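Look at the two complexes coming up: chain A is in both, with chain B in one and chain C in the other.
Presenting the complex of A and B:
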């Protein structure tokens, strides 16, 4: 592989990883609050659609981006409303939201544009700016970073910010406290339901940005079902590292690598069916490895406790 | 607890309603165009497709249905969505409703074959069927499109436009029809340039446009591919995006004239589409209905370039951007296919899938 191709490969890896990172962060903050976020898929789907629509109406790609963020937040708050206020089962509510979003986004697209599969012909929307780096001639790093979308940098930045937020801020501590033990948190005066609402709002924001990346950066239009399972991969990335945002980001990048490798392998004579399974096989293998490591650590802990006793 | 159950049930209910509203609904002439017909007929027709708005296959069929509506047929378009578990029920409903003709694509072949003999009063028209499919009942008509012939012509255009000597094709889901497309494409490209390299890849579904974009760009960066050919329904727009991003790239549209489709509303897409490999689903269905009484019931009918069922889009843009010698080669091949002196390779003529794989491997850059 020439240096040029390695650069192109890494470029593609980062771009493939970006929506996965946002999905992973969206799941990560929920995980810290003791919630299981299966709805990143919906947040992204709505973000992708509303972003394009608002962009089309206002003519401003950044206003569209805000619309996407808001759409994600609304989906998050809807889940909070159903599960915290309405006491609905978290899993069922999210399954319902996901089912409704697959059809709902198409329905909305149809109502607004009369088109059922893509906004490419009916809505004039733009893409968010790309960043051109001055060192584009530097081997590997240059082609890897040059022309990446601003949201790719945003994803990495978001992971760092979320990490600091959860670790250091007062609200972050509250979220973790509620995640560890809601009753204990309640007893020391932390409002659990408020915390849940806030968590879902932040989660929705991140999911919405991930959706904006899909329709306003990765491609320049909304296509039905365009999120295509990325929300679930993100959930998986976050679960692997127990909701640590930085770890979740790296796990998402691992999946991005698997995706990019699968794309490269498609160009060889490797059997397509197996190649297409690769990202998912990697997911399962990494999950098993992590769970084995966790089990071993747990067993060690018990053993050392037993020895002390 | 009761409250939570109720809310969950409500949410689920809302989900079902919403998703079914967008998916498995029956639309009455939703795209009622200004279609006109030069013949008349009557009877109830049910046209079953996965969903309108794909800018290609299903919409082309719907255009044909609009002509039938103008001709006096009572046509009901049924959009099933992509959940295969609902197909049986939706088809049964339409049949119980009473219909004289049911028009479906190969997607529903299994569902319809199982029940066709229970509804002897209904005639079934199945299109886009494999060439070797055996007709299940006497009240059925199968239409096989020789997509290998049109993509043979597309292959010539792609090979003629390529500067690097490497062209690409990205399919949606691996199935015999798409493999037939690719077989003809490779054959046509080789007829123009014996040393042409053809890179193939698969999206895995018909909607992941981002993956399509990624695959096309990977083909370009790793294999110097400079002509993209997406054969993947709605995911195809990803190839047009990739062509814009990379620059100096041509693409071929598929099924309908996609240059015309995007010309006014998305010029960025249109400007990279040199031509389209078309499948005139609507026109062919109309032709069948024009002479419905003498249709070849119980047979599998092949329709190709000669019948005008498939071809490439000869629009102004094609005339403008494709070099004359390439257009001449296309015209020659078109005539050759029509008079039988050229027979493009077909996936359906291969003894086994290995033969197809060998062809793919032999041209892989």
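Presenting the complex of A and C:
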């Protein structure tokens, strides 16, 4: 493979990874708070749709982007409302929201535009700017980074910021404390329900940005079911590393690599389906290995405690 | 049964009915707001599914796969493990059943035996799909939900791989398998409708599951584990094996559902995406409050609402997907404990006070 093609391959890997990274981060913060985020799917769908709509109305791509963020936050807060205030089962509430969102976005698109599958013909929307790097002649790195969308950089930046936020900030510590043991956190004066609301809002924000990338960068329109399981992949990427944002980012990139490989192979005669299957098999195997390691460590801890006693 | 318990039980049913009514009302309001001819559209949505023999038959046909996945999710939900592999199990069951049907097409095996073999293979496929997350969860302590979500995609790509490389009919215009043959076509039950014999199989499964749940030791064990695993462990129930076995039995119904759906409805196998029957099944199990006897009723309800939406979509431009909003609202309202909880507490409180007053009057 020539250097040119390696560069192009890495370019498409990063591009395909971007929405996965946002989904993974959205799941990661929830995981740190002891929650389980299956609804990144919905956050991204609404983000993608509302972003395009607001963009079309106002004519400004950045206002559209804000709209997408807000849409994600609203979905997050809805889940918080149903589970914290309404005491609904977390899993059921999220499955319900996912169900309502797949249909709801199509329905809303229809009400606004009269089209049932895509906004491409009816809403005039732009894409977020691409970044041109000065070193585009450098082999591999140049073509890999040149003309990447600003949100691709945003994804990597978001992972770092989220990492620092969870690790260092006071709110981040509160979120982790609630995740470790909500009762203990409550007893030292941390409001658990407030923390949950905040976590869902941040998670929704990240999911909304991921959605904005789908409809305002990856493509330039909203199409129905465009998220296509990326939220679930993000959830897996995050649970492979126990909710560490940086780790979640790298896991998401691994899925991106698989996507890019599958895209390349689609041009050849290789069995695409088997290639598409591989990342999922790897995830399951890794998840099981990690769980076994954790289990062993836990057993060791108990044994050493028993010996001391 | 004591009074509080009785109030709670009746209240639960009333609550589900109210949730459905609220969601249905919201749907009607949405329909009225966006259509040019609200009365006709609403009439079509409400009465359309019952307007002719064929339409009524369509409701029952639509129920069939929903009953199967609903039963599957009853098991999963009864033991409180969100194993969602039932979604992929439908695809795998359908695909493998189609393979068996194609393999036996030219042989002299009688039709009824082919059908039974197809359905058994479908059930085994479902068992296998549900077993993987169940074992990963119980033996290795990996998250059952994440594993099953991943597994769904593995099963999907596995079935599309088989479809494209093993059973694809090169002569067909679209990606589809060879014809399954008239031998395995499930016979129609009532002329003039699409209802096929799969409905009887589904009902037989409901009866079997109801007996298993409420009349057999395994059902008691399973429900005890679901309600309180620690307690179940202390009274000597083998928790791990019960949880795994319950999910495996449940999976067989999802796989069977896929097989029955393919044999009953389609001349060729051509599923290239997840069918969503699994998630629908979870919703049906929630509506039925994990009670298998109520599964056909909730499946009927969902099939009715969907057929209404489809009819609206054929006569107007309104996309049928709007019903998924109703479904979402129903699940959230049913799942939200706080919904109408004030009313329930008042009822229980009043009943208790009445009891107390009566006792004091006697004394």
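Operating definition for what follows: the second predicted complex is superposed on the first by the 280 of 309 C-alpha atoms of A that agree within 3 Å, B and C clash if a C-alpha of one lies under 4 Å from a C-alpha of the other, contacts with A are read in each partner's own complex, and residues count from 1 in each chain.
Here, a residue touches a chain if its C-beta (ideal position, glycine included) is under 8 Å from a C-beta of that chain, and two chains touch if they have at least 3 such contacts.
Here the structure is a predicted model, which means the values were calculated and not measured.
When both complexes are superposed on chain A, chain B and chain C end up clashing with one another. Applying the stated contact rule after C-alpha superposition, one finds that A:276 touches each of chain B and chain C.
Of the two partner chains, chain C is the only one touched by A:235; chain B is not. When the shared chain is aligned, chain B and chain C each come close enough to touch A:99.
Contacts of A:294 after superposition: chain C is touched, whereas chain B is not reached.
Judged by the touch definition given at the top, the superposed model places A:107 against both chain B and chain C.
Applying the stated contact rule after C-alpha superposition, one finds that A:284 touches chain C and leaves chain B untouched. In the superposition on chain A, contact is made by A:89 with both chain B and chain C. In the superposition on chain A, contact of A:263 is made with chain B only, not with chain C.
Shared-chain residue A:116: touches chain B and chain C both.
Aligning on the C-alpha atoms of chain A brings chain C into conflict with chain B at a single listed stretch, 314-322, out of 278-286, 314-322 or 350-358. Counting contacts by the rule stated earlier, residues 82, 86-89, 92-93, 95-97, 99-100, 102-104, 106-107, 110, 116, 273, 276 of chain A appear in both its interface with chain B and its interface with chain C. Residue ranges on chain C touching chain A, taken from their complex, read 34, 82, 132, 136, 140-143, 145-147, 149-151, 153-154, 157-158, 160-161, 164-165, 279, 282-283, 286, 317-319, 321-325, 327-332, 335-339. On the side of chain A, the complex with chain C involves touching residues 36, 38, 82, 85-89, 91-93, 95-104, 106-107, 110-111, 114, 116, 229, 232, 235-236, 239, 271, 273-274, 276-277, 280-281, 283-284, 287-288, 290-292, 294-295. If you check the complex, the residues on chain A that touch chain B are 5, 8, 12, 15-16, 19, 82, 86-89, 92-93, 95-97, 99-100, 102-104, 106-107, 110, 115-118, 120-122, 214, 218-221, 223-226, 228, 259-260, 263-264, 266-269, 272-273, 276. For chain B in complex with chain A, the touching residues are 3-4, 7-8, 11-12, 14-16, 18-23, 51-55, 81, 174, 199-202, 204-205, 207-211, 213-215, 217-219, 221-223, 234-235, 237-238, 241, 261-262, 265-266, 268-269, 357, 360-361, 364-365.
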